[in-house]
Each structure stands twice: as structure tokens, then as C-alpha cells.
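Same chain, two partners: chain A is paired with chain B first, then with chain C.
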Partner chain A sequence: MTTASGRAEPSRTSKPAEPGALRLIWQHRVDYAYVLPSIVVMMIVIAYPIYYTIDLSFFKTPPSLQLRDKIFVGMENYGAILQSDVFWRVTWNTVVWTVASTVIAFALGFGAALALHRDFIGRGVLRAILIIPWVISAVAASYIWKWIYHSDFGVIGAVLVELGITSRPPNFIDNVNTVLPALIVVNIWREFPFAMIMLMAGLQTVPDQLLRAAKVDGANAWQRFWHVTFPHLRNVSTVTILLLAVANFNSFIIPWIMTGGGPSNASHIWITHIYELAFGRQRWGVASAYSVLLFLILMTLGYFYVRALGGNESKDRGT
Partner chain B sequence: MSTTSETLAPRRGRRRIDGWRWAGRVFLLLMIIYTAAPMAWMLLTSIKSGFAAMQFPPQWWPEEPTLASYAKLLDPQNSVGADFLRFFWNSLFVSTMTTILAVVVAVPAAYAFSRFSFPGRKFLFFAVLLRNMFPAVIFLVPLFILMRVLGLVNTHGSLILTYLTFGLPLAIWLLKGFYDNIPVQLEQAARIDGATRFQAFLLIVMPLSVPGIIATAIYSFIAAWNEYIYAYTFLSKNDQLTLPVGIQRFFSENTTDFPGLMAASFLMSVPVVVLFLVLQRYFVRALTEGAVKH
Partner chain C sequence: MAHVVLKDLVKTYGSFHAVNHVSLTVNDGEFVALVGPSGCGKTTTLNLVAGLIPVTSGDIMIGDRIVNDLDPKDRDIAMVFQNYALYPQKSVYKNLAFPLQMRKLTKEEIDRKVRDAARVLDMTHLLERKPRELSGGQQQRVALGRALVRDPAVFLMDEPLSNLDAKLRVQMRSEIKRFHQDLNATIIYVTHDQLEAVTMADRMAVMNGGFLQQYDAPAEVFANPVNMFVASFVGSPAMSLVPLEASGSGDTAALTSAEGWTLPLSAENARKVARATSRKIVLGARHSTIRLHKSAEPGAIPAKVYTVEPTGDITFVQAFLSGSIVNISVPASVHVSPDEMIWLEFDQARIHLFDGETEMALKAA
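On to the complex of A and B.
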């Protein structure tokens, strides 16, 4: 009874809401003026490109032709992608790159945030040093690390030789097995400060009384962390991990500048591969089909992203 | 008996906390090495001569430190220096224009998302956030064609328009966090005193949101300063390049001049790092305001 009436109510109100919605929009017409500039700019620069990419993914664009002379091929581009060996190689690289970068950057950022949470002399300086990699350009970072990994004069190779671990400096970048981990180290170097900042702020929201109460009740440091601190950081952690995952999935500069995807595709991830297909080999149709697939994957991730953020928002309203 | 057990218990507790604290210190030390060593090596290499940099084993500390690389990059008479200063100026111009426009457009939008409850508000806000999800590559081809239609290819206008769009979502999100924390009662009081809604916004809310605006401005500036893909694709004329692309071109022409490359990387990082360190209080607060709420 009660559930039935409860369910009936919204539908009853939603029927007359149809003309009411228009009136509401009209009543709020001035409010839209505040948002309008943003919406207009974004419609031009975002909605149109998405439409164009989807459209182009059904066409073949031979390099000799102008883009307007494209040939309709239906789903052929998608079929070609799924059948190619490179696709699976690149997909595997992308998974490794995204998961490893996200998990390790988050873990290191979490550790650093916990270590910096307690006040001590020099804390501000240490925090500033740890954040700098995140601020400097990825292009500069790529070149710094390229020099560090240099096959003849790289400092890491020199240290390994000095310590007697190897007799000759190893070549990290031109080796199919080490290139991806080497690039992930660079990526984490740039990204863990972001996780650190987010979690440091999150730690400040953990109520001191709870921690003290737990201490009085005899909880040790680990128990206090696991049962009091960690549950309070769940929301921040979700948002941070999602933002990191999306950023890693979309990263381009570090692999592009450091290796260009080589050697033999060992460090190609989706984005660099798409870029090479489009601007290197002029295969716009295939590149667009790739982009559409990417788009679908990101929409799935985006669903969780919005749910995580939306969860935050509704909770704020409640309190 | 009871006194001894009482004195023992806290001591054991303190010792265990010390264990965690030491683990934290060791971890911090390792992180500092991981973070700072590459930057230190960049600086050390930048003050070596080209010959000294290419040695094995390397000179751990430069034997004959020289500022020649910096002098070369900052000398407008020299062709390398002229190019570098040109790129620097281009980056400064594009980043500053982007920042100003982003603040002008994002402030009213963020205020509206924070205060008004117009239909579609929630949908629009998530649409704005979703923008963050899409990689630049998806937009490159169509945007390039769009810029050609608008006649903006090879102009800084193409970059400013693009950076503006891609910076807006986060700028709006950051600012909304600030507006959410400014009490509505202040505006209501102003409205009761006869101010229009716009006057209340301009005279009451705007001054209070200055920290948020500073944070948003820093964010926009740093993002624009460091952007690479669009600049790489939209600009082809040498005198229009921004720093990230310019440095790449510099490196492809002087593949062995590592001291020069490190000096250029350092000079390129200086403005954003200084800006960030001076204003990091605002920046860190704003970034976390949206995600971490009390």
C-alpha cells in the first residue's frame, strides 16, 4: 500500500510537470546567461568534433585523397582494427601502463601523504619538493629522463656500473622488455604528487576525536589507520584513482617524446597509436574508428566517475 | 605492581609508534631522492660543457662548471637564443590570454552552478565534468579542420580557444567548490538592502572568491604553459611555436647538446615552478575543495 502510493506520487506530479518544466526554464532564463558563454564555447569545440569523429570512422580516406573525397566503407575500419596484431599489443600495453601507473602512483602518494601528515620541521619544504615534478612540463620531464636513461652516458647506467651490478650500462629505452616499465617510472614520477595532495587534504577531514577515542580504547597504529582513517578517505580515494586512471589512459607526451612508441611497438599505447595512424600514416578513417572505441571505453569509465562524484554531491546535500 | 604495568604499557605503545614513524621517515627519504635526483641531475648537466657531459663514467660533480648553455639560450643576438626567447614570449602570451579568458568565462558559470537551481543544472554540470574524460587525440583532426574553417591555423588564437575549452571544466569545478563555501546569507542580506542579484554577485561574492580565482588562474596558466599536442599539431611556422614544441624542435636539430637541452628544460620550468611555489597555498586548497568536503 504505502510503496504503491509512494511510487504513484512522482508520476502524478511528473505529468503536469511537462508544461511546468518549460515555464521553469523560462522563469530561470536569466540564470542561463551565466552559463551560456561556457556552453557555447564547449559546443563548438567539443560537440562538433565528437560528431565528426564518429562520422569519419565509417569512411576510408586513402592518403592521396583530400578528406572530402572519402569513401564509405561501413564497419570495415572496425573489423580491420580488431583483426590486427598491433591492436592487441597496443591494448595490452595500455592496460599495463594505466593500471601500473595508477596503482603505484596512488600508493606512493598515499604513503607520502601519511608521512607528511604529522607536523615537523621542514615539512613545508619537503612537500614543495615532492610536488614540483607535477608542475613542470611533461615535455621537460621526458627529456630529463631520456638523458637519465641514455644508453651511453645515462646516470642510472653509470650508477649500476659503479656499484658493480652490471659491467656495461644497460639500455632501458631500446629494449622491448624494459621500455614500458622505464616509461611508467617517469609517469609515476610526474603523477604521485597529485595523489599526495588529494590525500593530504583528505587526511585533514579525519576527526581527531575519533583517533584519540580509538587510542584510548587500545587500538594500535595499524588498527587506527585501518578502522578510522581509511574509511574516511574512501571518497577522496575513489575520485583520485578515477582521475589518475583517466589521465593515464589519455597520456601521450611521455611515450611520444621518449620513444615514439618504439622499439617495435613495445611502448605504443592507444593514444600514441591513434596519433601515428592519423598524422603519421594519414589513415584518418581507422584512427577515427579507434577514437570511437576509445570513446566507448571512456564512457564506461565516465559512468563510474560521475557516480563517484555524484555520490559525493548527494552526501554533501544530506549533511 | 599496578604502577609498573602502567609505566610499561605506554612505553611499549610509544616504541611501536616510533617504528611507524621511522618507516615513514625512510619512505620520505626515498621519495625525496626519487623526486629530486632527476631535477638535480638536470641542473648539474646544464652547467657542464657539451664535452664534459658526454663522458663515461660521468663527472658526478662538474669539474669546470660553466653557464655557457644559459648564456647561449638567453642571448638574443645568437640564433638559438633568438628562437628560444621567441618561444618563451609565445608561451607567455598564449598562457596569459588563456588564463584571463578562462577566469572571465568560468566565474559566472561556477557561480551559477553553485547557487541557482535552474532545470538541467545537474546535467550541464556533469557534461562539463565529462569533458575531462576525452583525450585530446579525439579532437585533433576535427579541431584542425574547424580551425581551418575559422582561419585560425598557425595563429595563437587557435591555441587560446582550444586551451580555454579544455581548461574550463576543471576551472568551473574548482571555483564552484569556493562558491559553495561562501555563505548564501551574505548575498541575501545584500539583496534585502536593495542590491540586485548581479550587484550582490559583483560586490559581495567576487571579493570573497579572490583566493579561488587565483587558484583557477594558476591552474589555467600552468596547463596552458605545459600543453603540447595541440601546439604540435596546429602550429608549423617556426616563429609561432610555444616552448614545449620549440624545445622538441631544438633537440631534433642538436641531438647531442644535452647541456643545452637541460638548460632549456630548466628555464622552461622556472616560471611555473616559481608561480606554483609562491601561490601553492591557494592552489592546493582549491584542488582539494571539490573532492574533499567536510
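On to the complex of A and C.
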């Protein structure tokens, strides 16, 4: 207890001149020595790239010049981004992609977890099958879905024609209106097992006595879920949603492999757009500025994630 | 309030008999303790009464209704759980109000009943708190309150004190006893602690292996245990049991040890021994009925001190007698030390004799 608070003190108060702080650091020099290697590694692989990206975001990098001949342009990259139509299009896509994927994957995962929490024959097999989308490679899954959606050879199109619902197979991923929903379906399919596993673990910790107490108190199945199970899963739900949101915000594999952001930016989200700007068009400066903005947004999400992990339960979800 | 009748109650899980043909009656306003070691079927019995698990066979009556097929909420019962089972995200007020909300009472009625219960249990000042902001004793009081607001026919309590520390347990013990007296409530109380049963209950039902062993007032169970299990379970320290061999008959009837000594029996005890199914007899004696001598006395049996446990006002001596450990209590002024030879004198009127084969208490007639 004393060591923990003693160590936290200098960094929190950030008054290096305090005589006690230095002495405390010295007293805990062995502790610092233990964390030093990982700090050094983090400085090299995380802190420096972040610094370099921020630095680069103030420069213009014409493809005709070498990177060391970059031209300082101040905030111009940021201005250009915020004024471009593509930026708003991509941002809207990212919001739709993230929110829809997160909410639907969570809801499906919740449903699956509740269904699999009951004891029935074949539960173990079903559980194993439902985890498959999450464990297979995203690249492989993307290619499989590309074929499933294919306008000439796709299974979905063939089935729809066979059933007489459409005369021609629909073209899901070459249509600006359907491409994003089509990709979101793939993403949800891949992600809901994660939510399912998290919530199944959470469900196992719901105290049996509490459910029995509610039963004796006269609560029906729905009321037991709403008054006991659901509040108990609040923390694990928050963490799951935040992890899903961060993962979705950072998605790359599915949109990049299935559409590369097309057609006409209809399925570009931030990460694929940044990748294309940087490695497709060598616009390092603009890509860096994008990255800085993305970094700020993700740090905000990260802040809420850490707070949720801290188990802040003081807010009452009234009944 | 109402009486509860269990008729030939059976609960099986596969081939395992958790509750075996248990029949007992709990009178209106009576405090009955179901007591026994872990896995004896006492909690299963309580859950059967509550309706949390279905009965395999037999009948449960609460009041004059057979409730076998009723849901817990329709049985007019309230239950208090071992770990309190308070809804963690609800305030104390909302915890107390919950069973009333489920019964669709009006807001005013709920408020009145909650505040009444809070006043009875002296926790009006806690109503706005969350369960985690309360001590264990306060949480248990809230759990009692949640049972109380329902005004049920029967209170079912499942080891309500076993999560509390020793001091608080003693205090809550008297609170629950007071609760029973003030409300004249019918209470079925499950505990593995025979002391709780003895101190609180009007009658105690001792269970083992799914069977009801003895159902009687604590004093009667203590004085006349029906078999060796009850004898060794009730009382602290437990009754000492020494397996011996019967010898002689009539005036010469005695118990003989492989160690070579014999204990002559009184005429009444001789008649008891004569009714045994074999020559194997188990001698039972409570610590307070054995006299300890530091030198050989006529009628006293030699034993060797194993350990000495001073508790302040009395000292417990454990001694080896014919291969068994015997507990004796002596005044703190008596000093003995381990491995010392002592002589034990048994009170013929207060010893218990058990059949070594059937383990049942032997009766004179």
C-alpha cells in the first residue's frame, strides 16, 4: 500500500523539484529498473512513430521529391482534409461502419450467449461452430465472402434468382448503395462470436442465489433478466462494446480486401483511406494528418475503456 | 402465518437420494431448525419447500394447501439467503420494494410497507444506501427486511449467519430470535451449526444422508439422542463414543475393553445392554458427566491424557480410552498434563449406550 501510493505520487503531482519525489524514485530504483526495458521498447516502437507522424503531418511530400526534402506547410494538410468532400464521405462511412457493426454484433452476441447459457443437447457443438467466424483468418473470410457476394457466381445471387425473388443476381459490392451494408454484414459475422464469448463468461458469474431470490420475490423470467442478469453484465458489456468499437474503427482487412474502398469511395473507412493516401499515392503528409486526427479520436475511446475497466459503478441505472 | 407439513418427501438426482422420505410438521409460529453436516439434504429440503426445485415424490403443505406444483411466488413464502442475495445495483429501499413491485402494489402501499419494515429492523437511516456500502450484519438485516415486507406465511432461512464473523453471528442470532418472538413467525431455518439450532429453535430436525434422524426440542435431542450420529453431532464438544464389548449378564453385566478393564453396569443399563443385537456396545458420555481423578479410585477407569485445552473458566481434557478420544471438562483449578495417567468415573444415570451394530440408542424398556 505504501509503496504503491509512494510511487504514484511524483508522476501525479508532476513537481520534480520536490525533495521527497527524487528520494522516493531513488528508494524505488529497482522497481524502475524492472520497467525500464519495456519503457525503452515502447519509446522506440510507439512514442517515436507518434512523434514522427505528428511532425510529418505539417509537411507536404510531393511524390517527385524524396522524403527528406519534404516541404513545411504548417496546418495546410489539416485544412485540406477538413475541406475535402472525401473526408466527410469517409468519416460518415466510418461512423456507420463502426456503430452498425458494434451494435448489431453486440446484440447478436448477447442473444447467442443467452441461448447457449441454457443447458441443451448439442450446446458444446453449437458453441464451437459459432466461434469459427472469429477464429478463421480475416483475409480468408474476406475472399470467401467476396465469392458469396459475386454478381455472376455468388451463392446469394443464385439463391435469390432460384427463389424467383429477383430476375438477375444483385450486385452487392459494385453498387455504391449496397457495398457498405454488405461489408458490415461480413464484419458482424466475424465479430459477434467475440461478444458472445465475453457475455457467456459474464453470464457464468451471475450469482445463482440472486436469481433464486428474485424467483421467490415473484419475478418472472423477463424480470429476472432485467433486474438481475442485465445489471450484472453491465461492466462486461461496456468493455465488450468499447473493444468492438475500437476494433471496428481500426478495421482494415475486410474493406481493403473485398473492395479496396470502392466503388468511388463508397466503402472507404478511415484506415483504408489513410493507407491508400500514404502507400498508394505517397501523400505522406496528408496521411499523417489523418492519422493524428484518428489517434485523437481513439485516445478518447481508450479513455472511456480504461474508465470502464476501473469498474466505475456509482451511476444508478434506475428501475 | 401458517403451519408447514412435509409428507414422505423425496428428492432424487439420478440414483442419488438427496432427500429420503422426510416427514415433519412445523406448527404455526414455530421456529424449526434443519441441521446437519454438508450434503445431509437440509438445504435441498428448504429449496423444495420454497419451490426452487421440483419434488420427486411426497407432498408439501403450507397452511392447508398442497403447494407441490406452485411457483415460489405463489407459495406465500419469503427466503433469506446465506450471502444475503441483495440486488447490488438497487438501493436498500428498492431492494425492500422489489418483491412488492412484483406483486403490483401501489406506490403508496409499497412506501408504507418498506418504511414499516425499515422501522422494525432499525435501518431507516440506511434506505438510500447501496448494499456494498453496508456491513455484513446490515446487509443481512436488509435481507430479513426484504422477507418481512412480504408478510409471508413462512420464512425460509438458508444459513443466514454463516457469512458473518463470530461476534456478529452471536448478535444476529439474538436479533433473529427476537424477530421470531415479536412477529410470532413460522420459520424454517437451515444451518450446519448445531449451536445455532440449539440456541434459537423451538424444535430441531437433525438430518444426515438425506434422512431425518431426530425431530424434537433441542433439550430433548441433547438429552436423548436416538442414535450415534445425533449424539456426536449435537453438543459442543461432541459426545465421546467408546466402542466396547458387553460381558456377563444380570448383576455381573459389564462393559469390557480390549485394554483389560471392565466397567460394571447398573441394573437399568444392564437391561439396555441385554437388548442389543450383538455384544458390541458403544459407550457415550458428555464431557460434563465424566469425573476426572488423578489417582486410582474404585469404579474409575484408567486413561491417558492426550491434550489439555484451557478455555478460561473450564478446561477441556482429551484422553485416550480404549483407542478412542474422550472429552472431559474440569474446573480451571485442576491441572493435568499430556501423557499423564488419569482415572475416569462415569455417571451410570447419565451415560448413553448404543448398539454397536445398528448404531441406535439402547432403551431399557
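The definition used in the following text is that the second predicted complex is superposed on the first by the 288 of 319 C-alpha atoms of A that agree within 3 Å, B and C clash if a C-alpha of one lies under 4 Å from a C-alpha of the other, contacts with A are read in each partner's own complex, and residues count from 1 in each chain.
Basically, a contact is a pair of C-beta atoms (placed from the backbone, for glycine too) under 8 Å apart; a residue touches a chain by one contact, two chains touch by 3 or more.
Here the structure is a predicted model, which is why all the values come from computation and not from measurement.
Shared-chain residue A:I269: touches no atom of chain B or chain C. With both structures placed on the common chain, the touch criterion links A:A289 to neither chain B nor chain C.
Once chain A of one complex is fitted onto chain A of the other, the partner contacts of A:P231 are limited to chain C, with no touch recorded for chain B. Of the two partner chains placed around the shared chain by superposition, chain C is the only one that A:A219 touches, whereas chain B remains out of contact. In the superposed model, A:Q209 makes contact with chain C only, not with chain B.
Once the two structures are overlaid, the count of chain A residues touched is higher for B than for its counterpart among chain B and chain C. Touching of chain A by both chain B and chain C, each in its own complex, is seen for residues 316.
Residues 50, 52, 71-73, 77-79, 81-83, 85, 87-91, 94, 98-99, 102-103, 146, 150 of chain C touch chain A in their complex.
Those residues of chain B lying in contact with chain A across their complex are 13, 16-17, 20-21, 24-25, 27-28, 31-32, 34-36, 38-39, 41-42, 45, 53-58, 105-106, 108-109, 111-113, 116-120, 124, 126-143, 145-146, 161-162, 164-166, 168, 172, 180, 222, 225-226, 228-229, 233, 243-244, 247-248, 251, 258, 261-262, 265-266, 268-269, 272-273, 276-277, 280, 284-285, 287-288, 291-294.
For chain A in complex with chain C, the residues that touch the partner chain are 207, 209-210, 212-219, 223, 227-228, 231-232, 234, 313, 316-317, 319.
Across the complex, chain A meets chain B through its residues 21, 24-25, 28, 31-35, 37-39, 41-42, 44-46, 48-50, 52-53, 56, 67, 108, 111-112, 114-116, 118, 126, 128-133, 135-141, 143-145, 147-148, 150, 152-153, 155, 158, 161-162, 169, 189, 192-193, 197-198, 200-202, 204-205, 220-221, 235-236, 239-240, 243, 246, 249-250, 252-253, 257, 271, 274-275, 278-279, 284, 287-288, 291, 294-295, 298-299, 301-302, 305-306, 309-310, 312, 316.
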